[in-house]
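Residue numbering begins at 1 within each chain, and the chains themselves are lettered A, B, C, D and E in the order written.
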Amino acid sequence: MTEISRIPATSIKTDERLKKVSVLTSLMRRPELGAVAGLLMVVTFFFFAADASMFSLSGLMTILAPASQLGILAIAASMLMIGGEFDLSIGSMVAFAGLIFGGLLVNFGQPLWIAILFTLLFAAVLGAVNGQIVIRTRLPSFIVTLAFLFILRGLTLVGLKWATGGSTQLRGISDAVGDTSIASLFSGLAFQGFFAWLAENDLIEKFDNGVPKVAGVPVSVVWFVGLSGVATWVLLRTRVGNWIFAVGGDANAARNSGVPVDRVKTGLFALTACAAALVAIITVLDAGSTDARRGFQKEFEAIIAAVIGGSLLTGGYGSAIGAFFGAIIFGLVSIGLTYTTFDSDWFQVFLGTMLLLAVLFNNFIRRKVTGER
Amino acid sequence: KDIKIIAVTHGQANDPFWSVVKNGVTTSAKDAGVQVDYRAPETFDMVAMSQLIDAAVNQRPDGLIVSIPDASALGPSIEKAVAAGIPVISINSGSDVSKKLGALLHVGQDEYSAGKAAGEKLNQMGGKTGICINQEVGNVSLDLRCKGFSDGFGGTVTVLPVSNDPAEVQAKVKAALSANNAVDTIMALGASTAGEPALAAVKDIGKTGKINVATFDLSADFLKAVDAGEAAFAIDQQQFLQGYLPTVFLANNAKYGLIPGGNVPSGPNLITKDKAAQVVELSAQGIR
Amino acid sequence: MADMKSYSTPPIIEAKDIVKHYGSVIALSGISMKVLQGEVLCLLGDNGAGKSTLIKTLSGVVKPSGGDLLVDGKPVTFSSPRDALDAGIATVYQDLAMIPLMSVTRNFFMGREPRKGIAPFRYIDFKHCDAVTREEMHKIGIDVRDPNQAVGTLSGGERQCVAIARAVYFGAKVLILDEPTSALGVAQTSMVLKYINHVQQKGLGVIFITHNVRHAFAVGNRFTILNRGKTLGTYAKSEISIDELQNMMAGGKELQALSNELGGTI
Amino acid sequence: MTEISRIPATSIKTDERLKKVSVLTSLMRRPELGAVAGLLMVVTFFFFAADASMFSLSGLMTILAPASQLGILAIAASMLMIGGEFDLSIGSMVAFAGLIFGGLLVNFGQPLWIAILFTLLFAAVLGAVNGQIVIRTRLPSFIVTLAFLFILRGLTLVGLKWATGGSTQLRGISDAVGDTSIASLFSGLAFQGFFAWLAENDLIEKFDNGVPKVAGVPVSVVWFVGLSGVATWVLLRTRVGNWIFAVGGDANAARNSGVPVDRVKTGLFALTACAAALVAIITVLDAGSTDARRGFQKEFEAIIAAVIGGSLLTGGYGSAIGAFFGAIIFGLVSIGLTYTTFDSDWFQVFLGTMLLLAVLFNNFIRRKVTGER
Amino acid sequence: MADMKSYSTPPIIEAKDIVKHYGSVIALSGISMKVLQGEVLCLLGDNGAGKSTLIKTLSGVVKPSGGDLLVDGKPVTFSSPRDALDAGIATVYQDLAMIPLMSVTRNFFMGREPRKGIAPFRYIDFKHCDAVTREEMHKIGIDVRDPNQAVGTLSGGERQCVAIARAVYFGAKVLILDEPTSALGVAQTSMVLKYINHVQQKGLGVIFITHNVRHAFAVGNRFTILNRGKTLGTYAKSEISIDELQNMMAGGKELQALSNELGGTI
């Protein structure tokens, strides 16, 4: 949360009450860099335990695709968490936004760009409603968004049955979209030309027929990286970022200092809902269909990723980059086991143990380096 | 007086398989002119399900439809219903205990033998190494499907536990395939949640057609793949009938005291390339 | 020192018959006071007299249950502290309004961050902000080791200084200080008192709450004494002595005996 | 949290700064009594919307049975929440304790009382381990117990397969237990004699064969009521109760005042795990079987019930009686729907809406009555 | 007033070369001090000098990074505040150690609840506790409206009074008070000072931290002055005057000019 930027050396009066600290120590003070230690541990583990194909280019892409979708949610969730609130309806929002999006395309025959805009707008409005209820009633956001978890999940089922005439899966989205360049912003692979060139020059693996094994980077990964960058910049460098930390740290103190607490919180809820809608759009376009169980328990995973990344559940502390690494750790652990020879019955034991070890290691390293106790 | 029938199953209304059962129940209720309620616990939860049966018995319906994935846990509640004089028909799972608990008859086909039939078929198609994609480990009916498959298949079978998220399923299948090149058979336990992403994963690694992908239950897109020769087959339990028939039976029982004399097997029905095309539309409407 | 302004200009801020209930607790039962331009009004009173509650109504933190607020003679209602800030009322709260987890700089500029750059890409110039924070803290007598240190790790007095330096830096028509000097060392206290003097000379109004009658007498023009949610009276500096003030504050309690016992140095 | 007990009238000096408040107002200040308003609203709703059989004696029993099992968890969870921590592993603990219990009975042929004692002890140790990890590492309990959520759930699966030779369902528990009087403390119905007497005297409904329709109160309900009473007494009247509030309100301040913070927290974790084990024992004995999905998401429902009952997620505030009513509201809403004619597709929409309305109503009434704003 | 005890009995509590680092911050760099029986030691120093940190090491809240603590001449290490309490060291912290959401009574008795009844059914007698709280608060000059009121709704001074009344009520060998009077009104301040006097006469030791030199001089026997984590010196009351103390505290800053400007009344 604190800044690394340096004051011009001339203005620093050396204070005898300040020990010299190494760059490493001061880096480790940042919430997200603890998560890097966790990531290193997990990678090291798999390096020895898993099949080598896990660390091939295509293996990495396999891990990044789900990690990036989770990551988009985790970044928004961690911003909301820094702002002192929760949103448990993210997962249901993914399903509901998927329904809205698919319904607009298939049932109402709207063009893609209208469907995308309307879905995002709709999600933002729903998020803002969530936020307004929390603010007006001063009920905990946990319970309010929990109600929305159920409501949105239920509405998705009802809506899907209505839209399909009885099924829980809405399909035909690829046909409805057709071939537009907008679609390539949200689905499929990016940098395909570059990868084709790499393959031509034998820099990456290819199939026998000359097609590169990895034809590009999933678009969701590009969104994921882009959003982490933007979120980090907003949190660390802008006024809104300062407000988010303030609101989560102590809403009363922030209000007393003139921070528009309610607007910040409402905005964060809208943002989280939009992130869910974005994931919905990406997955629906990729899969060509949507169903009633999309996004199930994603709210949970997003919070896990944010917490692994060092965000405090009580608000006021955390980082977007932390959520970035948290999502990658979670993705790595949950996909990684398939590359090992462990019996899959042990999957959950393994997932839990790795999560615990990752945060313990992170914690241990941070304390060692910074000398906290 | 209105005839009221209650169905309590272990499958949630948003589960693709059970939503078809529910469609069967509602269609049949309309056809027979009776009132029907479909209920299921929020997760695969035998304790909650027995409580739902208790609540249903308390409302004294004219007929009760139940699935019996755990006879020990549900038995006492079902026996209570029978003792209260409510006619009970069991569906889907529990054919072995249905009679003993006092149900009039059983409609359905148990998951284990469906899995076994599929396994045998895939073995015939030349499979040696298979994976079974389970989207809800611990749900006994899904576990039975896997076990049946594994017993019928004969070769090596690994279970791949996944979630409901298509991106994750696809990634995990891809990972499993690249970690073990020998895999030549994939059995998915749900068409849209597991089957479709598995097909996508196979396509990603360029092995479409070389790996036999089969699934339990139907989805329109999976059937299209079957039709196109990209997937092997889909197992249809015709679960629509598991909802439709008992409702009609119980309605007739209430009206005229009529009831069939024995169990009704509703499946399995393997949908292969030759039949796939005609089923696509019905599947999209939640009838198959 | 200007002792009493003419009444031609309306008071910068005036409270009339302010009542405040918290559930069943009556914190204020009809308080009136006013501050003129270029004047320091000292609010004195025993613990729990209602001083903090009164200034919280003036700064928009709590809504009064009854009574009127006037700014420049015009009735106002503040629905948030932001409104009060916009009306030119800057407040240093007794419970500080600071975020422990945030850095000194971020706290200093909270709610009023200066920005650089063009529209959607405007950002906070933290280099500049750090420098300002350091300088303003230095002015009040504190060497901040590192403006990026979390406020929660500062000492009680240092934290108080951040709050004061902040209110001072951003200026206002009226400056409200709730026991600003209570946690401060001698040097810092002098700085603050000097600053109050300075602000007053610029023609602003100051409301200064303190338990230290000497501090009050050093800078105050008028003294309003609260007791158990009511006003005991308002006195100009010329009308009252430091000892009378001391005795009134204690609510008529027999202080003399105690004071003597301890060597008369309280 | 604050006391209602009165000081002897003589010692009260009337203070002119105190308004008179009605008894109603001062009652409504208590966290749990807000939940009563929510309960009233829900009951009123069902009174008009549901089948009359819902409010018959046997209808109430069908609601109380699930509510009581949830309630036992919710009471423990709310005490832990008051103490400032979470336990997300409760649900998995139900499954795991069920496995241990069932395994001891069936696979190891232990007598019932040993199985019960050992299961409770084992759970307490696991809970204490949870607590010690949280305390030693100072990681958020959210992430630590989340890891245990996965680990215990996974171990249950592995253990069940081992115990049954491949199945995820362990049966034959009723046979292993046989007929012991200890079993009747944990399963079946209580007060059967009383209900038989009631039926004989035509005070309650009976079947044609003279057997009363409701033959007794489920034992879990007796446990539920008993535990709420004990928990309430502990929280409000004992030293440990004071420590729990203190630890959750501000662990540092409590430690500075000499409260043994770590012991209190460890104890609370052990207590929560024991509550989960108790529910496991009750449900396993009742059902005669256990499976890998037992208790799934119960941690979630327990937290919901505690929050509906007025406990603060941030700790330091709440009540056991609140959790009691919270569990009943949750049970009422989730079973109640089956007594109405709503389509089950709408179940989740309905559940969410009722939860939201119940807490909103609770909140609204409390503010009205106490004049808070 | 006994001015200096003979050195035959060891000091009740003694700190030798205490060092404390917080990460890269050096809060204390080798501080030594001691308190004898029946003596009031005043700790004086500028904001951030390290006074609170020093007493936190004495009361087991933080572990010193280096140096020794001796109680009654024997080296000790406190691993928790409980240990210090058990060793007879009662502390009123500057940041109060109170739980805002809990009632006054519950806070008052926190950690030392008196109980009634037999073994597993022992309970707190809240009737008795409420009465004690009310009475002790009354002694210090505060009328508690309702001992079941949450501490968070008390005024700053009232809260401070709960903390002091609590430490006083439970007694100890050494009483440590960190700026107890800073938020207090005149009456309450007199009470506290009088109480310190009283405790001392009973033969206990007191460590009294304050910024108010007059308060210090009124009750102190010896004065230890801290500056930037170091000791500037320790003086008996007879060795130093109130003005010298004032000047030393300000760390040699030019206070005179300021003081004059403001009428010499700080």
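The definition used in the following text is that contacts are C-beta pairs under 8 Å (C-beta built on N, C-alpha and C of every residue); 3 or more make two chains touch, one makes a residue touch a chain.
Computed from a predicted model, the values in this text were never measured in an experiment.
Chains that count as touching both chain A and chain E, per the definition above, are C, D. Among the remaining chains, the Cα-based centre furthest from that of chain C is the centre of B. Averaging Cα atoms per chain gives one point for each, and the point farthest from that of chain A is the centre of E. With centres taken as mean Cα positions, chain C sits 71 Å from chain B.
The distance from the centre of chain C to the centre of chain D, each centre being the mean of the chain's C-alpha atoms, comes to 49 Å.
Between chain A and chain B the centroid-to-centroid distance comes to 34 Å (mean Cα coordinates, whole Å).
Our note on geometry: chain A versus chain C, Cα centroid distance of 44 Å, whole angstroms. Multi-chain contact residues of chain C (touching two or more other chains) are listed as 25, 145, 149. In chain D, the residues that reach two or more other chains under the touch definition are 17-18, 153, 157, 345, 347. Taken residue by residue, chain B touches two or more other chains at 13, 137, whereas all remaining positions touch fewer. Considering their complex, residues 22, 25, 45-49, 52-53, 94-95, 141-142, 145, 149, 153-158, 160-161, 179, 182-191, 193-194, 197, 211-215, 217-219, 242, 246, 249-251, 253, 255, 258-259, 261-263, 265-266 of chain C touch chain E. Here chain A touches chain B in the complex through residues 50-51, 53-54, 56, 58-59, 62-63, 65-66, 69, 153, 156-157, 161, 164-169, 171, 207, 211, 213, 220, 283, 286-289, 291-298, 334-336, 338-340, 344-345, 347-348, going by the rule given at the top. In the complex of the two chains, the chain A residues touching chain C come out as 1-3, 5, 7-8, 11, 13, 15, 17-18, 233, 237-239, 242-243, 245-246, 249-250, 252-260, 316-317. Note for the complex: chain B touches chain A at residues 13-16, 19, 23, 137, 158-161, 163-168, 170-172, 174-176, 178-179, 192-193, 196-197, 200, 205-206, 219-221, 283-287. The residues of chain C lying in touch with chain A in their complex are 59, 61, 80-82, 85, 91, 93, 96-103, 105-106, 109-113, 115, 122-124, 126-127, 130-131, 134, 143, 145-150.
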